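Shared between the two complexes below is chain A, which pairs with chain B and chain C, respectively.
After this line comes the complex of A and B, so read on.
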């Protein structure tokens, strides 16, 4: 039969390719794993690179086989098409269901996972902020952690020196971070791409180093205390400060520190929802459109009468503000901040969330932030392989979904909404 | 009837860094006219067009729009004074929808439904494709979008940089028809073209730019008949 003849030819080619790949793998692995130093002599362990090469060859063969499989059947693709159509129609319902799920979640998970969920929401907040700068306005920012730090320290130091409560620190930290965002924005207005990335990277490091070294003001590596928020003057501690009431006394409940976390969880949920709403609105307004247009073509923007300075600064400012909010929440949830929380790795992590989620896509970014916070916790046993898994995920994403988990949806243009 | 001069360049020099591109260029465009600037590749046509918008700034001389000097006015302010540009290479926003591109032409102002109607009447394809990503349009459609986007700001003068570049002859004819309609509605056109034949047929007057200098000027028909122009740009004998 003709078909099987072609198949056999394919298998032959796959085998050849697998052999070549295995050979290259052997050459690469042989000096790394095949030779060990024992005393003053070198010992050869040739079975080790051989095994690795065999695994690589098998992998390559499977990959060829996988690539050569027939495309998914039309019925399947029609089904997925119908599903995405259904999703389009029921988007609001889906969002409501997810929101409801998020609201009842705290009663079904233990204290440990509740804290993970709080961390996840903080990352959602940070990623939403960075998404404005990188995803919508297209300004690559590698030092986003600076604004996170400004927010966190804004609360901690504001409490220490000015006696600010959490509620006062929320707008204060956000505003402070926004000011820093605009401050960074001014000098980098004329920069693009790589150059911008390098300057923002430097900015992030400067903030961290200043915090780390300005012992007399920030306490340096010793960090600063940041108290937990109270609810209308009601504390969540076991015992109230003089003149205060605690939550469990006020509501006549037995003491449990879970109330505190649940309260905090809901507070975050409200702020995140507000942020999502704000970003959605902005994307339909001229400002949001200008961000996207600026990302696409700055010269065309200027020729169309758009002032790039205000557009860029507003993106930096708003993104930084969101980062600052995240920082205030982080400080309050940890009860303590010190500079080690604000390293470049943190910036990279937030950027990875934005890229994996799909630049500019709010839903994708939220999903990625939750995934990238919850998965490492769930896979604690594999902690050693975290970097490897992370890298593999990135590579696979670039191959299959280069636009992220959910590519950015075009905000449907409604003329009545604009006129 | 002597018509009002709406755009004028007076002895303008432009340089890219230290290398001069334009020398002592003077030209004028009167209201309601179609003026074309023709020249070979690298003569400085696109630079001239962008320099009117201050990208880059002129090093000497002055540019007047409607009698006001705009030589040092910021680019975005010039765009809001009533001058629009269809830049070289179209520069549409490929990731945004056709409709979003059009709305961007209004520079943040609320959409003027009448203008949108007019643009969609001129290029019906833009209405059909309004929800599609602009980057997925064909070259000719992108050109129409770029022109439509420029018109959304209700310009009095429209500057176009090679609207025929890379398009099929049929598409070129449609674009030029649309340009005639735009002029008929009272917009002034300043057209930079390499396609001298089409441009000079359309234009009332033309300038010929060689190595950054204006070497010839005259009525569209007379330039078309000029033996030098024919030899250099029209492949005639």
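After this line comes the complex of A and C, so read on.
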């Protein structure tokens, strides 16, 4: 649009465009931000739309200026290429160092941050599950929270009605969620891609509404209790139930409820590591390659004899299973579940993690999950703007970097040093 | 269910269906022309509800008293600003992605929906808002006793009349003007239309403006009728209107209206027969079932994928 090096003419044009953009922005912002409804009358805040419009105009001007600059020199891209090669060579070391860091972490942070870290790992687990569906298989699932809810309620209700322990609920919740995923996926995956998004969105809401309204079975908005796991029959409470022994008595330690959080942290770390390993392996197997091939071109895949429904179903089922697993962990860590934890906002949160991390990239998704969980805790004021920032991030990422901040890297062939 | 309750539910269903139909138009036109689900459309409707309340309060403060003048002014102002919102959404979130992957515009649309919801929540507060209802007359039919009647409020009559009028204007625009011809041409074949001198980007912008205007009509009328709303109403109403669009056959204008009426009626009768707690579950299940068994809808044509 803007020719490069036009000098004064270019600047004048940018200024005009910025003024028009600012004017439109003012018209948009004036009624909604300029006045607030209070009762049946209005309160004026006229400075708000003015400032917003000025910022939009400035932003537009800077953007025009930025676009007209000469492209960055190839040195930068060469540098990033060299960095990614270095990363390839030292990948195993890096993973080991990070894993070691994650293992010693619980002894250096307090109780509060330990709980944040547990939540972060749960989100890593969920994001890894959604990443298989959205990132690898290219199926936009907007109701991922449904499987999360099935897992969480599978454990809580399984405990209440069947007396399931956490260890039994882990496979039970995961399988239940996978069944739901396959049941929903089987008819739906034959359809057009966009319809899948809206059907999963509807399904997520159905599950939440049923949980919320089926008072006699799920307790409705009051929720259900979900007990903490035990370690080989050893409880983590202050006092043991009759016939049981508590952790601090067994090991002759003074009582502290930090043990149970550390135990839970390591349990999650093991499961997440297993998941990362599984995804890494799957991506190199024919199944994983089929997922990515289907994402790129379904018609070509059909021509090559790949069964789209079976392949998609495996991704969808695996994603749902991971979601269910995350749900069981969530229920156990909170000790209690109710329907407010499973709104659409939760699905959007997990989706934002996958998109920011770069669809398909395991490392990026883990980094994004940790960042997006820790950041709102660290900056309390920021929490209110969370939804707004997630939305902006989604739009900006799609416009600017559809491949994610870190992007997905494929295994590649390299010339060996000898040849 | 007695006769009176049944007829009352049918009346309510027709009113609800007209609203769904008006919003469904926005989904169906956008899907027909660029093949994407505009998730932010429900939130554009929500913004229209807020704008209505704000303009209504502003006009009352300015001392405008006559109901017809208020209705007309609020409607026109709301349509103007909401159309601008529809245009901006397309310009910011969808136009840069015209040649991107299939998934990108969908994700961008979800992002836009979150932005609009939180933007309204942050500037207007999260609580449920209300407007005074000033159209409170009603007509009673089949009156046979103290509790034996069917009541139709003036606001409900206004909704149905305006929905029919709005659809009529839209139908005229699409069928009888050069602008509508350009829209239909781009819908059939965007590349061919551009070779024949139709500016595709302008037509797409126009479709977003028209869709947002219809959502604005719906938002204004619903606010006049119910008088209460919050920043989250666009979500559920949006999914239901999309259900209506799919039910009628996505891409078809009469289909959107028909789908809206069918959905509104069945939802309303379901509420009367079974219970109201599960009426959203019913609507969403209908969406899933329609997509599974008849994805081309009542009036749509099956989609053929070409290489």
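Going forward, the second predicted complex is superposed on the first by the 303 of 419 C-alpha atoms of A that agree within 3 Å, B and C clash if a C-alpha of one lies under 4 Å from a C-alpha of the other, contacts with A are read in each partner's own complex, and residues count from 1 in each chain.
Basically, contacts are C-beta pairs under 8 Å (C-beta built on N, C-alpha and C of every residue); 3 or more make two chains touch, one makes a residue touch a chain.
Just so we're clear, the structure is a prediction, and the values are computed from it rather than from any experiment.
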Next item on the list: Would you sort A:392 into first (chain B), second (chain C), both or neither based on which partner it touches?
Entry: second
Next item on the list: In the overlay, answer first, second, both or neither for which of chain B and chain C A:290 touches.
Entry: first
Next item on the list: Quick one: classify A:28 as touching chain B (first), chain C (second), both or neither.
Entry: second
Next item on the list: Spot which of chain B and chain C makes contact with more residues of chain A, would you?
Entry: C
Note to self: If we overlay the two complexes on their shared chain A, which of chain B and chain C does A:299 touch? Say first, second, both or neither.
What the structure shows: both
Item checked: Interface residues of chain A shared between complexes with chain B and chain C -> 299
Next item on the list: Could you please specify the touching residues of chain B with respect to chain A in the complex?
Entry: 53, 55, 74-77, 79-80, 84-85, 87, 91-97, 99-100, 103-105, 107-108, 110-111, 113, 116, 130-131, 133, 149-150, 153
Note to self: If we count contacts the way the header does, which residues on chain C are in touch with chain A in the complex?
What the structure shows: 35-37, 47, 50-51, 53-55, 57-58, 60-61, 81, 84-85, 88, 92-93, 96-97, 100-108, 110-125, 129-132, 235-236, 239, 242-243, 246, 277-278, 280-281, 284-285, 287-288, 291-292, 295, 303, 305, 307
Next item on the list: Sort out for me which residues of chain A touch chain B in the complex.
Entry: 286, 289-290, 292-293, 295-297, 299-308, 410, 412-413, 415, 418-419
Notebook entry, point to check: Where on chain A is chain C touching in the complex?
Noted result: 24, 27-28, 31-33, 35-37, 40-42, 48, 134, 138, 140, 142, 187-188, 191-195, 197-199, 201-203, 205-206, 209-210, 213, 299, 344, 348, 351, 355, 359, 384-385, 387-388, 390-395, 397-399, 402
